[in-house]
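Shared between the two complexes below is chain A, which has chain B as its partner in the first and chain C in the second.
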Partner chain A sequence: MGKEKIKINDEFYDIMPPEYQELVEEATYGKESRGWKDVGEAKELIEEHSLCAGCPESIAFRYVLACLPKPEDTVMVGSTGCTSLVFPHVAVHNIHSLFGNQNAIASGLKRTLALRFPEKVKDVVVLAGDGATVDIGLDMTLQSWFRQEKFTTICFDNELYANTGGQESGLMQKGFVGKMAPAGKKFDKVPLPEIARNSGCHYVAVMTVSKPNRVEKAIRNAILVAREIGPTYIQLYTPCILEIGKQMMEGLQEMRDSEGPGKRFEFKEYVSDEAKVFLDEMDAERKRKKKALRAARAK
Partner chain B sequence: MDPKSLVGTFNKKGQKIVEPEYLLFEAPRTQHFMTGSEVVKEAIRRASIDVSIAYPITPQSEAAALVGELYVEGYVGEYFRGENEFAVMSECAGASFGGARVFTTTSGPGTLRAYENFPMWAGSRLPIVINVMVRGVNSPLSIQPDTLEIGMILETGMLIWHAETAQEFLDFLLASFIVAEEPDVHLPVAVCIDGFFVSHTKDMVMMPPADIALTPYDPYRSPVPCMDMEVPPIRMMRDPFVMKSNYISYATHASWQQEVRAACERSRKHTIRLIGGLIEEENADAEILIVSSGTAVAQGREAVRLLAEEGVDVGIVKIKTIRPFPHQEVRQALRNAKHIFVPEFNVAGWMAREIKACIPDNDRVYAGPHVAGGMTMPPEVIVEEIKKVLSGRKEAVHG
Partner chain C sequence: MGNYRVLAGPEAFLPPSAACAGVVLPDPGQAHIHGEIFHEDVAMEEAAKRFLSAKVPTIFPGPMVLWNWNPKSAKKATAIKAMYDELKDHNPGALLIPMPDYRPKYPKINPEIEINPNHPNLTVWHNKIDVCMFVGVHCHQANLSLKIIRGGTNCYTIAMCAMAGHEDAMLSFRDATPDKIWKLVEVIKDVRKSL
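Then we have the complex of A and B:
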């Protein structure tokens, strides 16, 4: 779907909400070079949200939407949690149905879109919290990877159930004292990135969202590999400042403190052989295009 | 694409697309002797299905596997085995959100495993057709026929139909897609049959030819946007209702639930057109009536015959749609009855409760006989119950 399909009828233009008018006029649908740098420059696909002030999840959400390679043909699947407060404001079609079934919904959806639009690429992107991805939905997360479903799973890992008030999740650090872990969590953070790799994901990346360039590259890689080859997984640290006792200005520092060498969110990337060939070819193609453009300008 | 514009054209399997009324009422039919599972295969062959997702559970496994054969033959667009019924019903939801006509099957514990999905399907207005081949949900483990699970899905917002025979099963399945997809309905339909009794026994079925098929689903007739990024709006709402503690939020949720139930009621006119009424009456002027759904009606019919031999005049009222419940029809059909017996294949007697709740002088209703756990219900048991109650040898209301 391009902008032409969402054009507002002239008769009703003035009664449409201004942010919808801006979306239709200025959103970055169909812009090939779109990326995180559009945040604050072009109309964003996330209008407003009810996340806490300073919540790192909110900037992560904006990066993800700014970096979708083809938002005009992307459908997102969410789950219950803080993200489900944001999704209704997001300007791509998105589905919330139940808590934890996001990868099952995405499996049926992606296959249907491939069936209905054989001549067109329709990307499906799952975006859910760590409770949805690793606890209540783990079965469906893994089974979609085993089945080689062609969509990207993004986990906003804040290491607890934030929306219900800070309860223990499988991705919480060992020893952390939270609700339902009154004596500290007894077992290690579930190694989902490693499990993803062993379960058939072709591209896996773990990082914080402190470096938007890196986030952008990972999101694009993950979505393009999922489109062409098979399942991909990205785990982003989006700390819940509220539940770990930080101030609203301290989210970025918390992420920086957690991504150093040996830390929980040290940047890690796994690319399958098949995906590597594909990504290298894509890189070479991009360089060729750039060079040709430069040569054309020089003339 | 208006699906009606495809009438007369041919699909990729060479089947001619026809109006549902033609398929159901006018197309020449030939006689076949087949099981309920095979009926599923033949109905789905003619139903222009986009996606079906399967999971094994007795007694529906064979039907789900036969749909897989249709996928290999090219009659079904997409098919796979999911990981459990909760996931399967969510996968079906994903496919339906994306604009597919979706069919799946389940039974007993699978129905309950999937349960959370059903009100979500209805609330999301997904016109998925699910065949429920009912079986016990008991512990210790039972795989035998038992209709208890229908009583457990009554308030999910789905349409619930209960077929008595293989023939009715075929016709209900074909009609269910069309009723489910009407813009003023657009809800899931559970087409229930009694496991084993209908799924595994062979019966005569009059079948329309295999070279015609239903008009396909048009997702753009849906009353809610199809999630394929081909239709506005691109931004769903300005102020999400989740987590809002204010009157507008409560009123929105309440009115949407009312709308789902109203949509279920609005299905009546389409259902009457395509399956010929929500109830069926046979000799309903009799003072004694047997009222039920599914194969309990078939057993009741035999009991009527046995009692007639003894000079006792008994009529039958068969309830075909349990949601929407045919309140008016039942009230009308039961108005002159003095004694109403409700035989059921479950221990709870949910059908008797439904009937008692909608007629005046409901002490006329005898909730029984009941069998459960896979027991059969010989007509003699119904005869015996009726005689006992009428002769005062048995407490009138039980169960």
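Then we have the complex of A and C:
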């Protein structure tokens, strides 16, 4: 579809605030090769954000939006938490769900979209914090995976409840003392990626957002596999610099320090057999296309 | 119908919805003025008079007419622009201010160039708008805005609603089509001639 549905009526073009004019002129809807490199170049799909300055969630959010294969045909489902402060500024359809309900809402939404638009591909992508995904919404998260709902769940893992001041979350690391968890975490970080794999997810990836290429590949894989096969899960470390006492320039280093071998956010990827066949085919197709394009250019 | 009349405010910090106060919506072919049901033609004349006697008559087009998402929206846009041009010709102070979407904008909106349903009073106050018309705003957001405007400002509100009308406006049409908007343009022209 691309941009044809995102046009301003001529009569009103000149009175629209500039951010809308720019969005229509420069945003990357409909561009097949869209990706993280568009961030900062093309008009971003986030106008502005109200997260803390330097919060890694803000760049992670931009990568996610820049990597959606079809933003104009995507509906995102958010939940309460720091991410919900950004959603009102996002130029992609989105629904704010009651804290923890995001995967239940997404299940109904995905099924309804499939019935309502049988001839179209509509992607549903959940984006929520660790508190929403792993604690209060764990039931909904898991049930959607058990039921093989065809959408992607992305968790911005900052290892605590950031938006309410630093309470303990299931994804908090053992022993960590939060501003509002003074006794220290008594048990291990919940192994949600492993649980996701055992609960039926066909593509699972864990990483920080320090390497945008990798994030882009994972997001695309997850969304395309969810479209064709079944549930997928991505867990991204987006440290809450405010709660762990870092300065606004220190988010990137914190992520780099946490992704080395044996560290909590060492890159991990799981692909089911079915998904692997699909992704390999897609890769081969992409290569074929590239080759054909090169051959055509050479003529 | 109760005794409540939907009048320009400021009424209260949180005025009740006019529906709660007993105001009912017009049937097809009708409109309401201050909560009382009239033939649509009567309301057209009243709306034209209000617009033409205003210091700062303003049209607030909402997303359904700002964005070219179907052929009907484009036709409505043409009619709305014609109405604005007529008002502006009569009174150079007339304004056309968009409500491009409903997101709560941070850190704040620019009330000179836009209106937001979550704090429409800022735009009304800033521009000293005394008569306005909502068109192309989804009903829920229009009701919210109309109530806030009635609650906190003295602006006279008109709704050109594509559905069943708005109790919370001081004057509301229903079933707005491009033709109906054009008809109001013609009525404005006629009333202007008779001034």
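The rule we apply is simple: the second predicted complex is superposed on the first by the 295 of 299 C-alpha atoms of A that agree within 3 Å, B and C clash if a C-alpha of one lies under 4 Å from a C-alpha of the other, contacts with A are read in each partner's own complex, and residues count from 1 in each chain.
Assume contacts are C-beta pairs under 8 Å (C-beta built on N, C-alpha and C of every residue); 3 or more make two chains touch, one makes a residue touch a chain.
Small disclaimer: the values here were computed from a predicted structure and weren't measured.
Of the two partner chains, chain B is the only one touched by A:Gln143; chain C is not. Contacts of A:Asn101 after superposition: chain B is touched, whereas chain C is not reached.
With both structures placed on the common chain, the touch criterion links A:Glu119 to neither chain B nor chain C. Residue contacts after overlaying the shared chain place A:His93 against chain B, while chain C stays out of touching range. Contact with chain B, but none with chain C, is seen for A:Val77 once the two complexes are overlaid on the shared chain. In the overlay built on the shared chain, the residue A:Tyr20 is in contact with chain B and with chain C. Contact with neither chain B nor chain C is seen for A:Glu32 once the two complexes are overlaid on the shared chain.
Of the two partner chains placed by superposition, only chain C is touched by A:Phe12; chain B is not. After superposition on the shared chain, chain A has more residues touched by B, the comparison being chain B against chain C. Across the superposed pair, chain B and chain C both touch chain A at residues 5-6, 17, 20, 50, 88-89. Within the complex, the chain A residues that touch chain B are 1, 5-6, 17, 20, 23, 47, 50, 72-75, 77, 84-85, 87-95, 97-98, 101, 104-113, 115-117, 122, 139-140, 143, 147. Chain B meets chain A in the complex at residues 50-51, 53, 77-78, 80, 82-84, 86-88, 90-100, 102, 116-117, 120, 124, 225, 227-240, 242-243. Touching chain A in their complex are the following residues of chain C: 61, 65-69, 73-74, 77-78, 80-81, 96-98, 100, 103-107, 110, 113-114. Listed in rising order, the residues of chain A touching chain C in the complex are 5-12, 15-17, 20, 48, 50, 88-89.
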